[in-house]
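Right after this note come the structures.
In what comes next, chain A is part of two complexes: it sits with chain B in the first one and with chain C in the second one.
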Partner chain A sequence: MSIPGEWYLILAAILFGIGALGLLIRRNVLIMFMCVELMLNAANLTLVTFSRMLNDIGGQAAVFFVLVVAAAEVVVGLGIVVSIFRRRSTAVADDISSMKG
Partner chain B sequence: MTSLLATTVAIPDVIVFAAGAVMIMIGALGVITSRNPVHAALSLILTLFGIAVLFIEQQADFLAAVQVIVYAGAIVVLFLFVIMFLGVDRNEDLDAEPLAGQRSMAFVIVLMAVGAIIALGAEAHWVVGPHSVSGVPGGPYQNVYNLGRSVFTTYLFAFEATAALLVIAVVGAVVLARRSGAANAEQPDGQPENEEVAS
Partner chain C sequence: MITELATTMIKMPSIDYLAILPVLILIGGAVLIMAITAMVPGGLRRDVATAMTVTTALAALISSLVEWHRVLVQGATTTIAHAIVMDGFSVFMAIAVSSCVILASLIGHDYLKREDISSAEYLILALISAAGAVLMASANDLVVIFLALEILSIALYVLVAFNPRRAESGEAALKYFILGGFSSAVFVYGIALTYGATGTTNLTQIVDFLGQNTAQHPGLLYAGLGLMIVGFAFKVAAVPFHFWTPDVYQGAPSPVTGFMAAVAKIGGFAALLRVLLSAFGTQAATWQPIIYALAVASLLLGALLMVVQRDVKRMMAYSSINHAGFILLGVEAATTRGVQAALYYLFAYAIMTVGVFGVITLVSGNGDRDTDIASYRGLLRRSPLLGACLVVLLLAQAGAPFTTGLFAKLGVLSAAVSVGSWPLALIAMVSAVISGFAYLRLTLISVRPVGAPTDVDELGVETGVSAPMHHLGATLMLEEELPTEVEIAHVGVSPVALTGVTLAAAFTIIFGIVPGPLLSLAHAATMSLLG
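Entry: the complex of A and B
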């Protein structure tokens, strides 16, 4: 018998938690982006697990679209980082606080 | 969830799952603890490979291949490219904590969130409802066929929408990352950068 789906779901929850923790404690914008990728991958793992548990291809199709959206998100996000770096010469989120109220 | 340890699982499956889980955990902890952004990106590759291993273990063959090619091959390379391009591959001081209590608060909140997710999953009867609504995923050597048929029939509109999304993202990235016209006029030698790769 193959691995029960609960193991994958717990692993995905822990991976999501690590990604969220990194997003909260790191200040480098690039590493915050990588933590977003970790969270997206945890969601992908969950979708594939449910796809197997329900014997339905829809979950894998959803992962396919999440991959595309993640690629678009990284391209635009890194474009923003490059644009900010040109003006401010910093990649630390705390230094980009001009719009702070 | 109560039958978590009572079920009998084959030993090779457990070994593959454990290998994937260890790769994922080491990589994820490496991403959030490494001082150097380049090391963080390399740790991210380890995590992505671990996810691909678990995809193969769950018979999602096509997604495992795409995971390695698109994520490890394109997205992480884009990350590394930007890190090198900006020259931020220096060690970061991780001991500085500008917002007092931020880390401990983050730990508490994340532990509460993960605990809540696992507790809710243990309580809920979540895998219910009709099975195989949009097609079966498996069958011997049928994963790519089934996934392709699903994407190009059931999810065709979403597929076309992602094509539009990618075009918009590439155009937006070029507009964001190029120098403005005024800056070009001041610096005649400024070459227009084109650092985006179509993923």
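Entry: the complex of A and C
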């Protein structure tokens, strides 16, 4: 028995939604990073599924690019967090808000 | 057998190096500076590094002009398996980005010296991020657009954070990073859905697909298109996806803010225009209402919140949101006239904003502290050239005659009226008047003599906005008067940054009086985009 492609698409949509929601409601910066990763991987799953459904290799190739970009993003993001952490020793977004208006 | 298989299966795409020459030059220059900095004991001297960056950007500019020549002869060509396109549009954007890099590196020079930060990082990251913006404009494939967007953005995240002594810098970088990551993820998901609906990520093939078939899953296609627009709207700071803008603009080091405001907007709008008009041109009826809504919200919110700001960098952030609304006016029209006006506006805005942030860099002093509007009191007397440049650039942003700002605003407004969206044009005019107040207020403050007994609030702009705040502001202002005067002596005006600012102001005036060349360049770029 094979699982229809639509299920993967729905799963990806749910993951994307969880990621987006998490980013909006969680306040810990590291968890917010994870939520971004979740969203990117939901997009990857969608790409792979469509690639399979359309019988086209292009979608799978695109996933590699997205993975590389995600890795590069995390490197920069963690670097920024570390540089803030040195100064403040907090990773909670609400504590990092000196600018308002 | 294996080699035979390899040769039959993997076909290397042919590469037209001229098409990617500006990108190669920008990245090559960045790598060269990085290598030399690492090898020279004690690092590269500041002025040498700046000179190298300016040379690199000039080389990219010249190579774009060579491309322009080729485009005039041969028309648009695609290369690297149709993933990259070289046409008037991509060349136009490459010219705009290279010009911004030249100005930003001149302005950054003094900032880095003042803050005592090694200059190589700033210059390298600026060059790389500029390469991303140029690539965004010449991408003909959604995946390449995504990659270019990330090259642009990741370098910008670091640039925003790169002053370790300012807490706001790190905070701004974090906000920019998280919201930027969010928008990238939304954008990729949009690409994935578009891929599912059309079976390709190549823009040309999307056009063919949409021309030949009625989409089997229109919902999928529209969702993909909508998500991509959201991703771009984040990058160009259009309301309601603007909420990172004020904080990031305020927190980032001033020269970086100017660079980011210019280059990220050029890249974002370039890709947005190409995707909407080139790939989804047939679906205009679907995306025009979205752009319409974004434009209205950006125009009004940008102008209204701009007026109540006291921090000049925040004010310019809302100003950039307002400008995004104006450019969207041209995009919404989706005609030759509209796109041409949007391109002209984009170029004019980019130069103006780099220039204004150049002035802000010089005025705000050590540690970027004096960004309050009161610091600009009597700037024209204190430093005539700097003050004059600020006045020119502010009036240009307001759309005054004899500056590029007038033609930019007129162009998008007439384009909107000509396609019948006069309510939008009307809203734009109202927002121009409101934002004009804010520009004029800053202009008058900097023109006013130092220590004149009047103050900002007499201009009546803030009246009724928030009375208690306004009172507090007035008292603060009087107390600040003396220290401001004392600091006057050392508004660190140095020749290099002043050259950058003066170039920006000169550009704004020259192409405001003789708009012909820039307009015809924008026209040619538009023709090659719309075919």
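Here, the second predicted complex is superposed on the first by the 100 of 101 C-alpha atoms of A that agree within 3 Å, B and C clash if a C-alpha of one lies under 4 Å from a C-alpha of the other, contacts with A are read in each partner's own complex, and residues count from 1 in each chain.
As a working rule, a contact is a pair of C-beta atoms (placed from the backbone, for glycine too) under 8 Å apart; a residue touches a chain by one contact, two chains touch by 3 or more.
Everything numeric in this text was worked out from a predicted model, so none of it was measured.
Looking at the superposition, the partner that touches the larger set of chain A residues, chain B or chain C, turns out to be B. In the superposed pair of complexes, A:T46 makes contact with chain C only, with no contact to chain B.
When the two complexes are overlaid on their common chain A, residue A:I31 makes contact with chain B while staying clear of chain C. In the superposition on chain A, contact of A:S2 is made with chain B only, not with chain C. Looking at the shared chain after the overlay, A:L67 reaches chain B, while chain C stays out of its contact range.
When both complexes are overlaid on chain A, the residue A:R87 reaches chain C alone and has no touch with chain B. Applying the stated contact rule after C-alpha superposition, one finds that A:G19 touches each of chain B and chain C. Shared interface residues of chain A, touching chain B in one complex and chain C in the other, are 9, 16, 19-20, 33, 44, 49-51, 53-54, 56, 58-59, 61, 65, 69, 72-73, 76, 79-81, 83. Residues of chain A touching chain B in their complex: 1-11, 13-22, 24-28, 30-31, 33-35, 37-38, 41, 44-45, 48-61, 63-65, 67-76, 78-83, 85-86, 91, 94. Against chain C, in their complex, chain A makes its touches with residues 9, 12, 16, 19-20, 23, 29, 32-33, 36, 39-40, 42-44, 46-47, 49-51, 53-54, 56, 58-59, 61-62, 65-66, 69, 72-73, 76-77, 79-81, 83-84, 87-88, 93, 96-99, 101. Looking at the complex, you find that chain B touches chain A at residues 1, 3-4, 7-10, 13-14, 17, 21, 24-25, 28-29, 31-32, 37, 40-41, 44, 47-48, 51, 54-55, 57-60, 62-63, 66-67, 70-71, 74-75, 78-79, 82-83, 85-86, 88, 92, 98, 102-103, 106-107, 109-111, 113-114, 117-118, 121, 127, 129, 131-138, 143, 146-147, 150-151, 154-155, 158-159, 162, 165-166, 168-170, 172-174, 176-177, 179, 195-196, 199. Note for the complex: chain C touches chain A at residues 143, 146-147, 150, 154, 157-158, 161, 164, 167-168, 170-174, 177-178, 181-182, 184-186, 188-189, 191-193, 195-196, 199-201, 246-247, 250-251, 309, 311, 314.
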